[in-house]
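Following this line, the structures themselves.
Paired with subunit B in one complex and with subunit C in the other, subunit A is shared by the two complexes that follow.
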Partner chain A sequence: MTAAAPEPKANMGKPVPRYDAAAKVTGRATYGSDMPLDNPAYAFLVTSAIAKGRINSFDLDDAKRVRGVIDIVTHENAPNLNESKLFSNGGYAGTTIQPLKSTDIAHDGQIIAVVIAESYEAAREAANRVKVSYTAATPSASFDSPGTTEAAAKGQNAQFKEDPKVGDFAKAFDEAEVKVDASYETPTQHHNPMELFSTSCAWMGDTLVIYEPSQYVHGLKNGVAEQLGIDADKVRVVNPYVGGGFGSRGSTTPRTAVIAGIARRLNRPIKLVPTRDQGFTIATYRAETRHEVKLGASRDGKLVALRHEGAEVSSRADPYCVGGTKTTTRLYACPNVDSLVSIVRADRNTPGFMRSPPEVPYLFALESAMDELAVKLNMDPIELRRINDTTNEPIGGKPYTSRSLMACFDEAAKAFGWAQRSAAPKSMSDGDWLIGYGCAATCYPTQMAPSAARVRLQRDGRTRVEIAGHEIGTGAYTILAQTAAERLGVPLEKVAVFIGDSDLPPGPVAGGSNSTASTCSAVMMVCDQVRQRLFKALMPNESLTDKAKETVGMGQTPSTQAAKGDRPIDLEKAFDALGVGVVEEYGEWKPEGAPQDSFKAMHSGHPRLVGGAAMKDKIAYAFGAEFVEVRINRFTHEIRAPRLVGAFAAGRIMNPRTARSQLMGGLIWGMSSALLEATEIDARTARYVNDNFADYLIPVNADVPGVEVILLSEQDDHINPAGAKGLGELANVGTNAAICNAIYHATGQRIRKLPVRLENIEV
Partner chain B sequence: MSDHPSSQSSGYDRRSFMAGAAGSALVPLTARATVHEARAAVAQDPALPVDVTLRVNGQEKRLSLDARTTVLDALREHLKLTGSKKGCDHGQCGACTVLIGDRRVVSCLTLALAAEGQEITTIEGLATDDRLHPMQQAFIDNDAFQCGYCTPGQIMSAIACVKEGHAGTDADIREYMSGNICRCAAYPNIVAAVKQAAPEIMKG
Partner chain C sequence: MRPFSYQRATDPDMAVQALSAAAAANKPLTQASAQPLAGGTTLIDLMKLDVMRPAAIVDINPLAQGWSEISPGRENLRLGALAKMSDVAAHDEIQRNYPVIANSLKLAASAQLRNMATLGGNVMQRTRCSYFRDVSYENCNKRNPGSGCAAMDGINRMHAVLGISDQCIATYPGDFAQALIALDATVEVTGKSGTRSMPFAELHKAPGNTPEIETTLQPGELISAFLISGRWPRSVYLKARDRQSYEFALSSTAVALDVQDGTIRDARVALGGVATVPWRAREAEAQLKGQKFDDGLAQRAADAAFAEAKGRQHNSFKIALGKRVVARALQQAVMMEI
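This part shows the complex of A and B:
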């Protein structure tokens, strides 16, 4: 067994290799722009060179002279499209800024023209020959720019419902024996999935097929249909493989309906493969944030007061925010809590979800402040977390469904060698290298969403699972196949999985780390329907549910099946009794507490996520603890992170192999966020300046010498039938603070602004 | 609103660039005569098709291409070999890595014309009769990918990394595999895969 396939512990599935492994290593896996098209025309985007103002005129003569140019689409001749509503306002879109509608420019890199040509090369050349005359206005780039406006998130963003508070913060903080009052900042970041933001659109009569990397095929289908003004059933989105998402492909972007509209007019398939730099402005991003955290504690380390104020940048058009105070106000026991989130509007495109949207910036602030408090208390930072660990969140007193935070700290500390740390800053070194050890808590809400599934079982055991889920690298194919195989008692290699197609039963958005819990719960339920039909055929006089449990293992978690002496169903007999060759069942599953309109919403491409802190009588999170060793060269100030160790507990682990890989990638994402990644904005022009892989720093193999992932066994019977907590966004949360805490330990310098680069070190 | 018009136009002149490139040593000596004949016409208009014969995975492929077509776009758009991926089109990410001869090359920065007469190996050319190349198997065994988009480039790069003699230590592998970005960050698993496959590849 390789390190990639950890031995399963209790309540973990088998670490089988990925279902799609062979396709991915042979080049057979087909991503959006790999899909064959019949005689496509090629599109190339022209994007705005100013962030605010208007277009005076285009000079297209030179561009039109390029051999092979078919059409150049601007606001003057663009297809007429309906407005799109923001996803958080009941719509599908990641932005309501719709390009090609008028001469107005709302942000840098806005689509202002689309060149259509016979070849990619001709389209690209012509796009570069499009001349634009602008009237530029002075844009507001970000925080501190003149002309921005700021207002509380509550009341303007429908998804931000409350600023959590409890007790009397002001009094408690005033009277606290030990205090921390500190400000933190996080930068703009871009997802930069490896697959570009491509779109291919092909019409067959009045039916549209879209090949596009999407984390929500049902959302994209319905959103594009709405913009085109056609029946949603006339649109099909196909993407069996997605080359990374990280949140960037959960809501619709303006490009898709534009390309679909042009393809309809041209009566020819169109293929758009935007450039890497265009991806920085035609999709969403993680906005920069600012935080003020106030912690008050007694001398023995008990928190008595906690206040978290966050500010986030959004566009003029849309009140997007992530509002991570819902998590940071509930993580530790504290009787007096206050919080406020506000939104700063600037001349930018609308930001959106990026891997752990609320937790990355907000836990960076809180977990840095906790470390500062530990220093002031002269206390081990792990012990400070232990003293303030809680079984109930402090705002509403609701119990955590399960919480293995301290078990994670203890396991990770042991593996890391935390006991060897000498507590004083600057007390550890190796030649020219200052050594620092740091740690932080990590967590992510456990979320679920309604999902449908169809399962077909043949008498020879061959099984087909259909669900419009998404393979964005998480292992969706693999765990759905495992779930069906376990539930039906058929060999894994007999299960075929079909996902990534909006013609399949609707699955949820691959966002908020809800997919595993939701889709596996749906597949389990539908497999049980199949089993019930077979069972009924075998034993027509038995009562179904209870008997079924005893006899064929229905309703039992797979890990307990063997213990209860479960035996597989005799398929041949059951099919003979039924008198058919195939049993097929369709079902719709929704989580406990899902709203009344859940299934209607599911079919129209609106996710209805429930879970985390928003449940009525409980709160559900996955937890982990992350430890980092940093080494800082005392002369050059070069910063390295040779060791990242994380321990995580997330309910049932469906497949330790895919889980470990995701958590490992998450730890590296976290390191990257702390030390490398930032989109730089020119404050004068509100334009991104490092919009490519050479200047937007992403880790390469040499940046990542040692990563260790520890999976803890955890069982949680209060979340969903699969017993799973999403973990795709769990590991990249705590790392930011852990690294800054380690840098403090190495240097004695507290850095409160990300990313930390060598020029920020002052030893 | 202040009133200072600005304008945007092409960054550089592709015609003059191509005229230079087509006439330079980038075109190998083995290039077929048609390339030379086309040169004058291409200098006038690079969109005029040029006949090119590429050797891909052991097969000769005759194509009529815009002279500016890269190896990557020739593979993907003209030969329907979509295993090689476009991640940046700038030679910054490695997703398009193929072998030209024994060398790993970013196919997005290599013109198809310049590759004429040379043996191009892509991800589709590695497995034989349903038997995976040892590096492909090692990537599966070590879960050396997640979304899979960078994987073809990683595997082509990894094979070259071994053959170059740069797979001796973990540090070497990390260094010489650093031209291929994996945003899912499967890096430690990629190192393990290269280590696993290296002995078998060196053996034969």
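This part shows the complex of A and C:
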């Protein structure tokens, strides 16, 4: 075993190499814009240079003279499209701001024209030559800008149902022996997945094929069909590989229906590859947030009062919010809790999901405040968490299905060498560098969604798994192949997996870290259907359901002798008995507590995620603990994080290799978010200024010399048949606070606003 | 990007011819319709962004045979304009006798860029001001003379505090140029009437009222080499930046000292990341010369270097930072074992 392929512990699958590793490193993996098209035309977007106002006129003469230009589409001649409803209000779209409808401009970088040409180069050149005359109005850029409006999230966003509260916060806080009352701030961030926001649309008669990086092919298919006013079955979305998503591709963006509409009119496939900077405004982003956290505790460290108030920026048009109080009000035992989330509307594009949307900003606030409380109590921050650890969440008293938070703290502390920390701030250094150690809890809700799957088993053991899941780099192919191989008892090499195609049985959105739990549970169920048919052939007289029950979960040791006797079944004999060469089964799986309309919704591209804090009589989260060493140069104040250590428990780990890779990426992302990433907004114009990879900083290898991931063994039989908790969004949650806590330890300075830059350090 | 013609210049005359032929009166070099192409890591970038729109590209890479020497002699050092950043940074004798040069190059950009990029192109690289690099912003005096300056009251964290004017506060972003200006380098220019030499310090022009004019080179002129006299083993390049690699300086300094018997005989201090042009801090040097070194002296020199600095909304921190960087680099240079 190597660092990349950790030795599996109890309730972990094998760290088999990635199913698609060779295809990816040899460039054979085909992404959306790699898909061959028959005689395509190329599109290039023109986006607005103002954030608010209207277009007076276009001067297209110069652009039209470029050789190879076919058409320039503006609001005057754009295809007619239906409105789209916001994803968080029951629709498919990440924004309801539909461009090319009128002269109005609602945000910076809104699509205002699409140039179509015979080549990409001609389209780009012509786009550069489009001249636009605007009447600009003064936009409101963000918090503090004149002209914004603010209102409670509850009542405007259907997904934000409740401001959790319990007990009497005001009284308890008033009487608390020790108090923390602090404000925190997180910046605007953009996902910047490596693959650009491309889209290719090709019509074959009245059928549309879309090649586009999407985290939800069924959502995109239905959303675009709705906008085009055609039957959803006339649309197919294909994307066998997605070059990163991070939430940016879970809902539809306006570009797709626009390109599809133009392609239909032109009767020719169209390929659009927008630029990196256009990606900042034609898709979503993580909006800036503000928090006020009040903690009251007794002298011995027990929380008696907790209040978390959050404010988030959204667009004028859409009430998007992440509302992380559902997590922060439930993480620790506390009898008196209060919370409030509000939305501030500005002249911006609509924000959206970005890796751990609620937890990243809200836990930064809470876990920073917990560290501040530990300092006030003169207590080790790990002990403060231990004192307030709980088996039941405090709002509704529901039990956590499993919770290994303190085990994670203990393991990570040991690996990190926390015991070597001298507790006083500014007490550790090495030459020019001040050293700080910091830690924080991390958590992420365990979510599941309905999913279908089709499994086909041949007499020679060759297996085909089909499910419209998504390979966004997480390892979906690999674990689906593992799941089927283990469940059917066939060699891994014999399993072929087909995902990323809306013609396959519908899978869930690759969001909310639900994919592994949902798709593996569905595949397990359908594999069992296949097994049952084979059992039936071999043992026609035995009770099928009993037999099926005895077939145990993947990787678990068979619990009864009877079950042991069942596997491996003699495939050839079974097929002979059945008298066929292939057994194929289709099935639809839904998690416990899924709503009545789940399967109907699944087919129409509406994921019905359940889990986390929203379950009926339990609550399910994955947990972890993150430790960071920061070094701050006494002279330059440069901040570096040479060591990141995280320990995580997330139920069954399907594959320690892909799990580690996700968690490692999460830790690095968390570090990046704390120290580097921020989209700068020009307050006067409400425009993004550093909208490129030279100016929007993300870490380079030299910034992350040491990242250690520890996977804890955890078994949870109360979540889903696969026993898995999502972990893709687990690791980048705690890092922000862990880094600021470490900076406090290094310098004695508490920083409550991200990202932390060298100019914020005063030593 | 817009269509352009491409021509390979197989000898210097041909390059100069091709570049001068396209030169039009009244156009600054930055807007000349023909541009030389070296590594292309600045030029092609700016063409893709539609910031530079040359009609003709003259590829000077075939001149590398004559123009890429790295020849440290006894008395002086000659560096060809087409030498690659990575080759110079890795050169033994440069590392030993001119650490400030080797490190200014090694700490710049990324390994891939250093393998492509040339010394001539490096000193001619253009500002990273975001408003300059995004043509959707009308107001940029450098790109669009007379249109105003969006950075002045915009996002200006990366911008300059020295050498600024009310027309432009864009930072000169390069690292290597600070080493050259500190070491009193000479630049050799090849043009229509053969070669001429001038102090490197005269190559760049502060923005003043004409931020679009960045250098004193004329269309049709090429940098062919850099010359440095003497050796500077006691020299340091210190660079403060947001990440550990692959990032421009927030503040940097090139320091070279000649210390004998504890007394500073000669001192050279240049500043990067904080000024509109490669910046020689002569006021700091004056503080140091003839003095015995101590931390107080380093502080006084650093203060002198930034005496004239003026910050704006987001970049004022560079003044205090720059002083600490200079003081620390002086300490490091003094402590060097040579």
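Structural remarks
Just so it is clear, the second predicted complex is superposed on the first by the 744 of 763 C-alpha atoms of A that agree within 3 Å, B and C clash if a C-alpha of one lies under 4 Å from a C-alpha of the other, contacts with A are read in each partner's own complex, and residues count from 1 in each chain.
Methods note: a contact is a pair of C-beta atoms (placed from the backbone, for glycine too) under 8 Å apart; a residue touches a chain by one contact, two chains touch by 3 or more.
Please read these numbers as outputs of a predicted model, since none were measured by experiment.
Once the two complexes are overlaid on the shared chain, A:A702 sits against subunit B and subunit C alike. Of the two partner chains placed by the overlay, subunit B and subunit C both lie in contact with A:E125. Between subunit B and subunit C, B contacts the larger number of subunit A residues.
Using the contact criterion defined above for the overlaid structures, shared-chain residue A:L676 touches subunit C, although it does not reach subunit B. Touch criterion met: A:A694 reaches subunit B and subunit C at once. In the superposition on chain A, A:A49 makes contact with both subunit B and subunit C.
In the superposition on chain A, contact of A:T474 is made with subunit B only, not with subunit C. Touch criterion not met for A:S429: it reaches neither subunit B nor subunit C. When the two complexes are overlaid on their common chain A, residue A:F635 makes contact with subunit C while staying clear of subunit B.
Legend: residue contacts after superposition of the two complexes on their common chain; A:F246 is shown touching subunit B, with no touch to subunit C.
Under the contact criterion defined above, the residues of subunit A that touch both subunit B in one complex and subunit C in the other are 49, 121, 125, 128, 692, 694, 699-703.
Interface residues of subunit A, counted against subunit B in their complex, comprise 2-5, 17-18, 20-31, 33-34, 36, 49-50, 53-54, 56, 62, 66-68, 119-122, 125, 128-138, 192-196, 241-246, 273, 275-276, 471-475, 657-658, 660-662, 664-665, 668-669, 672, 692-694, 698-707. Of all the residues in subunit A, the ones that touch subunit C in their complex are 47, 49, 121, 124-125, 128, 277, 432, 633, 635-638, 640, 675-676, 680, 682, 684, 689-692, 694-695, 697, 699-703, 757-759. Residues 1-3, 50, 110, 128, 130-131, 133-138, 150, 153-155, 157, 238, 240-247, 250-251, 317, 321, 324-325, 327-328 of subunit C are the ones touching subunit A in the complex.
On the side of subunit B, the complex with subunit A involves touching residues 1-11, 14, 45-48, 66, 68-69, 73, 76-77, 80-90, 92-93, 95, 122-124, 126-127, 132, 136-137, 139-152, 155, 170-171, 173-175, 177-192, 196.
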